[in-house]
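Before any comments, here is the structure.
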Amino acid sequence: MILGKVVGTVVSSSMNTDIQGARFLLVDKSNQRGEKKGDYLVALDLVGVGNDELVMVSEGSPARETPTTINKPVDALIVGVIDMIDEKGNIVYKK
Amino acid sequence: MILGKVVGTVVSSSMNTDIQGARFLLVDKSNQRGEKKGDYLVALDLVGVGNDELVMVSEGSPARETPTTINKPVDALIVGVIDMIDEKGNIVYKK
Amino acid sequence: MILGKVVGTVVSSSMNTDIQGARFLLVDKSNQRGEKKGDYLVALDLVGVGNDELVMVSEGSPARETPTTINKPVDALIVGVIDMIDEKGNIVYKK
Amino acid sequence: MILGKVVGTVVSSSMNTDIQGARFLLVDKSNQRGEKKGDYLVALDLVGVGNDELVMVSEGSPARETPTTINKPVDALIVGVIDMIDEKGNIVYKK
Amino acid sequence: MILGKVVGTVVSSSMNTDIQGARFLLVDKSNQRGEKKGDYLVALDLVGVGNDELVMVSEGSPARETPTTINKPVDALIVGVIDMIDEKGNIVYKK
């Protein structure tokens, strides 16, 4: 999974993704300290992640592996909100 | 999903993709403001997206997950036309 | 799909890909004008594409989605020969 | 598979990945000598890998191919701890 | 498929890949002339490829498509040893 910060929302006339309650969020890829890289992707959010939260995004075929996204053409899914990251014993990110 | 601008069409003697009504479009990858990167790919369009529209493209195996593309060797599918993108509360793209 | 020019053939003692009549071709990734990038991959050809033709290549899992490649460990398949590409109304490539 | 060093742990309110006993580890991609590249990803660990160990990570759809991860939206899985790597007859990494 | 030279072996306490007779090889990605790029990956070898041989590697989900690797978390498989590559009518690699 890659790390990224939620920085916005994407409003789309989605043609092949009739997923109820789903939102597409703008995610800026981030490093392990939550610092943004300026490299964006659009990921599906099923749970209501807030702006500026650090998340894990699962890409490709595994993004379909939820009851909601199964058999949908979705290739990026937010699979968790990051609470804390430690690196070599130091806490480098905390929500 | 990645963002991209539709910049043209690709006419192809497709050998393994007998998909009725499908068009292959030339897409230039774009950032969250709809600014093109000059990095091109070919994506399948099932709905008739117009030139210069900003779209979301789903790549890889998920591109097959529509009734039309199932079991087709297609690895890039336009899954939505972007109406609006906001970033940190500012509208950075509007159709 | 990505664009590429067929520049040669690859002769291989293929161990896990007993696909009758299949050839492995050397493909140089190209831009929308058919200009080569010097970035090579090997793709399966099921139809007999000629040297110097511009083709579309489907990568990853979708490359298996033909009656011939199903359940084969092939991750790149030529899915079409390009006849023409237009970009913003101008023909930028013609066979 | 790619090589990487385990450098930390990621604590996450995982929303779609209810995998018992699983931990998400912070992995820094490494070269064949175990030297870190400063390019991070988050990978699932099912066995309890220790900090600073060199591991192999399987990415994408194959990461689901264990009894535990099947049908989970996980796109990176630690599939082995590296004991030794030899390159051209020289041992370039040893645990 | 990508091209690569086999440059070594990787000894691993593989946790989720109980594949009998399989070896993990260190592969250095190569160009069409067999020249190494210094960009390494680990690929599964089912047939006993020798050191310094040029091989084709299939990545991602297709790597599982052999009787041996089916349902294994393996994302890179050696699918053939290269005997010869010609580019524009010239033999640029020969075993």
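Labels for the chains are A, B, C, D and E, by order of writing; each one numbers its residues from 1.
Keep in mind that, in the parts below, a contact is a pair of C-beta atoms (placed from the backbone, for glycine too) under 8 Å apart; a residue touches a chain by one contact, two chains touch by 3 or more.
Just so we're clear, the structure is a prediction, and the values are computed from it rather than from any experiment.
Student: Through what angle, between 0 and 180°, must subunit A be rotated so its C-alpha atoms fit those of subunit E, rounded to a multiple of 5?
Tutor: About 145 degrees of rotation relates the two copies.
Student: Roughly how far is subunit A from subunit C, centre to centre by C-alpha average, rounded to an integer in Å?
Tutor: Centres of subunit A and subunit C (C-alpha means) sit 32 Å apart.
Student: Averaging over Cα atoms per chain, report the distance between subunit A and subunit D in Å.
Tutor: That gives a centre separation of 20 Å.
Student: For subunit A, give me the residues that contact two or more of the other chains.
Tutor: 60-61, 63-64
Student: Applying the stated contact rule, could you write out the chains in ring order, opening with subunit A and then subunit B?
Tutor: Around the ring, beginning at subunit A and stepping to subunit B, we get A, B, C, E, D.
Student: Sort out for me which residues of subunit C touch subunit E in the complex.
Tutor: 7-17, 24, 26, 40-43, 51, 60-61, 63-64, 71-76
Student: Please give the residue numbers of subunit A that touch subunit D in the complex, ascending.
Tutor: Contact set of subunit A toward subunit D: 1-3, 31-32, 46-47, 56, 58-66, 69, 77-89, 92.
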